[in-house]
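Listed after this line are the structures, all set down as structure tokens.
Across the two complexes that follow, chain A remains constant while its partner is chain B and subsequently chain C.
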Partner chain A sequence: MTKGAGGTGRRIKAGQGTRKTYTSPSKSRGAHLSGRHLRAMLLYISLILGAVVVLFPFFWMITTALKQPGQAYSLQLLPDRPTLDNFRRILADYGFARYFLNSIIVATSAAFLATLFAALAAYAFAKKRFLFKRQLFLFLLASLMIPGMMYMVPQFAIVSQLGLMNTYAAMVLPHLANVFGLFLMKQFMESIPSSLLDSSRIDGASELQVFRHIVVPLSLPVIATLFLLTFQFHWGNFLWQLIVTNKESLYTVPVGLAMFRDAHEELVTLKMAGAAISIIPIGILFFFTQRLFIEGMTKGAVKG
Partner chain B sequence: MTIKLRENLVAYAFLAPFLVIFLAFLFYPIFYSLYLSFHRVTDLYDVFGAMQFVGLDNFGKMLHDGQFWWSLLMTLYYAGLVIPLGIITSLILALLLNNRLPFRSLFRSAYFMPYVLDMFVVGLVWVLIYSPHFGVLNRLFTLFGIDTFLESGFLGNPYSAMPAVALANVLKGSGFGMVLYLAALSNISPSLYEAAAIDGAGGWQRFRAITFPLLKPITLFLIVIGVITALNAFAEIYAMTEGGPNVEVGGRALGATWVTGYYLFRTFYVSLKLGYAAAISYVLLIFTLIISVINMRLFRTEER
Partner chain C sequence: MNFSKFDRSRLIPVLFLCAAIAAALSCGGGQKETGEETGPVTLTYWQTYNDDENALFAELIEEYQATHPGVTIQTTRLPFMGAEPKILTALATRTTPDIARVDGSFVPKLATRNALMNLDEIGPGDIKQDLHPVALSSCLVGGVTYALPEQVNGLCLFYNKDLFRRAGLDPEVPPETWDEFIAMGKKLTDQEAGVFGFGMRNSLWWTFPFFNTYGAHFLNEDGTRCVLNGPQGVEAFQLKVDLYRKYKIEGGGWRAGGVRDDMGFQNGKYAMIFSGPWAVKTLQAAEIDFGVGLIPRGPVGTSTNVGGNDLVIFRSCQIPRAALEFLTFMASEQVQTRWANRLGQIPVNIRAEKHLDFGKHPYLKVFVEQMKTAIPRPSIADYDELENIMNPEMQAALDGTKSVQKALDDAVRRINREVLGAAD
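Coming up: the complex of A and B.
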């Protein structure tokens, strides 16, 4: 059914010339129109069904988080006596307020620094001439082929030897060189006219001033994109945060959730409240900035 | 000469923060990991103080490590589920959305949204949905008289565990492929379809002869990142099955979702076999590079 609906969609887009293949020529214009309506309806039904399936886990998470603890497995789509008590308890009694703060600290500082470092480096690549520029860029790009899992053991060893275990720095530091972000920003900054930078230099601006007062303001869209993407990455950088912390005061939300799961398997409604605390902020962020998210995440891919 | 030197210094000053982090945490680890893979940790209380050089022993051990080979098999199985399922889902969603209709961007966002969320946390929600007896999915199945999964839940049954994990991953991730397919679809000229329609090609024929071939680069790309994702799979397994449930294979108990990424984590974080884990991650790296090279070859022939 879905395939048929897809074909229909193409036809509508392709224009009027093709519609005849679907309706028999002998039918009246009215019948033809209703056929089209039928197809549009089928299309919408498929779309809504798809959305229901894709979004059901999140709906179920929130519903369960709003249920009374005893009703964790009840089938009510909307709880008859909804309560925010699960949220209150997991935040206050199980330390999630602290974990939330930690997640905010880690994700914000990492996003800020990673974006800053990428912007500085991208500016050099986009607008400066220096030795080994091309070689250096290819060398950086080559690192994108290495899978993240590969780094778990050696990065852990390095962080440990630097004496950084159980610090915010340990969670943030290894991920501050974002090659994909550098690539994204370099492309954007290349479109800034060099004459603009030169005229500012003639006016006596220092290199840093040129960067701050001209390059940064003009690159705001791509800066916002990278900030969001790195924030999102660190918000869910679960495995790394798990292995470099074993002090409760440093747990981030997903790490706290993993520990909570292991200790209180049976507190389902609380667990879902904890999951919601992790998911809702990114959901909201996505809702308001979806274009930046979608473009940023797929841009690198389309270019190969 | 001095001007040139100054230019270089300024450029490298802008690059410095990024490069320092890159060299310390993304470049050096590749060699450090190799070094670690030639060693055995002898003292669990001083993991890095007491290391013993063992040459290629870790790699030799891998050859006889049933758990390792099994994990590769399971990774292959996981990839074999996630990749085709993900591509089909992405493609169907993209074809449905490739229409000028009201609320189009709303649906696009809804399908894409789960992609930005944390796999571990989403996995915990799926645990609830898949759970035995009172889980939503089991309730739904009992409506249709299917009680196969009632006792074990979908994740506790060795036959359904991996497909269940794969389904959760596909529903979370297919929005990404969908956006890529949508972009490619919008680049296909409507005149191609009109010409085909004049020649009498039906909907399915047009899809096979025009749409699918023109989407091939995206499909290839999704296959490649699918393989890499499968090699890195960890969070979904940690959240949902922890490698289990066990199955008897040749008198040994092996995990039905025991993928390599998860085995790597266990070797490192639970068994604290640091050197061996480094060796495993090196093998993973080599697999990934081979796949990347094949991918580049495919793309090159594509361009010719």
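Coming up: the complex of A and C.
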């Protein structure tokens, strides 16, 4: 509708003079529209500028990773003689292939399990009736107010007492009960009509079938969102992974990158190659799930 | 999800609290048995070496184990950045290793929280008299030895020889006094070309060379009050401010968004910077033609600051004698000579100085010379807190929003009140 009005306005404006009586209002409408265009233009310019500011460090990281070692600090935008040797060296000579594999194992398994547990719990809180449901949920929500670092020492003590130090389990286990994920999923699942679940039960579906075939497919946006957020958290988690491991062969990418950065002040191009490698999985994951991710983030927000 | 952003400033106090509680609980039984250990033993060691250091360390370990049958050194390599929180977490849960390599400023923090073995009680023996006094100073807290030094360094003046030539200066003669430094800085500065005589950082540790060459004391003699706002302190810091504001030979490397000193030096933007032995390899890799000189002389001569790493033994260690023997080995004349000659680092053992290969490491001679007049930073448990208070005040003076005297007065007042607990 707005578009049509805009088009008419422009046409009338173009033909002004021949239909004098309409000149005045159409003129004002034309002026209003050009103002709107100006605003849109300003908006786009500011968005483009914002995008440049945000993306430039990534561009600089990649362009530096492609430079010859001697050019690391040169202010050239593009390398003279681009090379992939930095990537080869950091992966092969400095153990990054191993760190990368560790990170993939930890982040994928943690994201998968945390999302699964959150989905199961959220289904119960959203659609089931049980004693002290509300109180229990509030109690869990209250735990969100405790800063995460407060958990770190007790969690470390437990992991250490269980003899899990230097295992993947130590990196993954303490973060599987994710209250934030439970909250996000519960809000989303409450928007699924209960009648839908009831009708499938009447058709003879078991509880597990209801969950698998009705709840999970309908909750896919929020499942993807939580998976992505959890994956990202575990992928970038530095401190916990460092604390529970004493073996270089178990270090993940952030720990390996920090160690490399401190140990090799001079190998700037390699550091950038390592940093560039470290963002690849997040980039790929976000690229394929961005539509679901945005849906998942907004849908839960507007639920009444 | 909750600690996805690693906030050191909030995390460290929490960890300290936990560590302090654990230490208090664990020290009830008094000192550990320090009798002779028998049978095969394993020493766990957390270290933060870079690759070159790590390679040499592996050789040393092999030799040590060969000459000490029954002793196994089990090492864990940590990123330098994460070592402190990892140690504090381990301390809180009593899972510390036997030995760790820590930054010198971390020793007083650990010692005042009862986390470290008092080495004097085990007996470091004669090695202490062979150690560089400034290196040893970071190991002493209240006169008690809590660590042995393993690496020592300090800032020197690095200068770009190409830029010196271009400015018509002799590339083999760096400035010797602050007056010469300013005069040369003016010749080297070409604002249109974006070249400045000097690029500097603004933090307390990086400002100590100024204070020290003016003879400014940080603390009074009994260490109870900060006295940095005395005439020498003000004059020293006024010089630093003037380099930027009055003489305009400093390129603003300290400002947020400014080109950092080491990067500007490599790009030929800054002709002179302060740096240390750690930068040599980077600059050589970048094929910069550079020289190293002493920090310019002030009213009390040349001087610099002190940094480095120390080896500590935690209270949880069951075999302190074996651990101390290993620390002594690492600080020995032989090991320090090899370390210095292989890696171009300053030895912590004075006896090693006569064996140094200055032909192979020409800059090392200057570094060693500079350390003779170095002054250690104040031994305060919360050294980081001094930085936190001083840096914004120094920034205000550099920005011109406060006078040098007012900035130092304000900083000193806060340090006395908040860090030293002294009355105004």
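Note that in this section the second predicted complex is superposed on the first by the 226 of 304 C-alpha atoms of A that agree within 3 Å, B and C clash if a C-alpha of one lies under 4 Å from a C-alpha of the other, contacts with A are read in each partner's own complex, and residues count from 1 in each chain.
Here is the rule we use: contacts are C-beta pairs under 8 Å (C-beta built on N, C-alpha and C of every residue); 3 or more make two chains touch, one makes a residue touch a chain.
This structure is a prediction, so every number in the text was calculated from the model and none was measured.
By the touch criterion stated above, A:L182 is placed in contact with chain B alone, chain C being left untouched. In the superposition on chain A, A:L55 makes contact with chain B only, while chain C stays out of contact range. Touch criterion met: A:I294 reaches chain B, while chain C stays clear of it.
Of the two partner chains, chain B is the only one that A:A121 touches; chain C does not reach it.
For chain A, the partner that touches more of its residues is B, with chain B and chain C as the two candidates. When the two structures are aligned on the shared chain, A:P147 is found in touch with chain B and with chain C. Of the two partner chains placed by superposition, only chain B is touched by A:L173; chain C is not.
Judged by the touch definition given at the top, the superposed model places A:L75 against both chain B and chain C. After overlaying the two complexes on the shared chain, residue contacts for A:H264 are found with chain C alone; chain B is out of touch.
Of the two partner chains placed by the overlay, neither chain B nor chain C lies in contact with A:L218. Shared contact residues of chain A, touching chain B in one structure and chain C in the other: 73, 75, 146-153, 156-157, 160, 232, 236, 238-239, 242-243, 258, 261. Of all the residues in chain A, the ones that touch chain C in their complex are 69-70, 72-75, 144, 146-153, 156-157, 160, 165, 178, 180-181, 229-230, 232-233, 236-240, 242-243, 246-248, 255, 258-259, 261-267.
Here chain B touches chain A in the complex through residues 7-8, 10-15, 17-19, 21-22, 24-30, 32-33, 36, 47-48, 92-93, 95-101, 107-122, 124-126, 128-129, 131, 133-136, 139, 168, 171, 174-176, 179-180, 183, 190, 193-194, 197, 202-204, 206-207, 211, 221, 225, 228, 231-232, 234-235, 238, 261, 264-265, 268-269, 274, 277-278, 281-282, 284-285, 288-289, 292, 299, going by the rule given at the top.
Of all residues in chain C, only 1-4, 6-7, 10-11, 14-15, 18, 46, 48-51, 54, 76-82, 85-86, 89-90, 92-93, 95, 263, 266-267, 278-279, 281-282, 285-287 touch chain A in the complex they form.
Of all residues in chain A, those touching chain B in their complex are 2-15, 17-18, 21, 40, 43-44, 46-47, 50-51, 53-58, 60-61, 64, 73, 75, 116-118, 120-121, 123-125, 128-131, 133, 136, 140, 143, 145-158, 160-161, 173-177, 179, 182, 207, 211, 232, 235-236, 238-239, 242-243, 253-254, 257-258, 261, 268, 271-272, 275, 278-279, 282-283, 286-287, 290, 293-294, 297-298, 301-302, 304.
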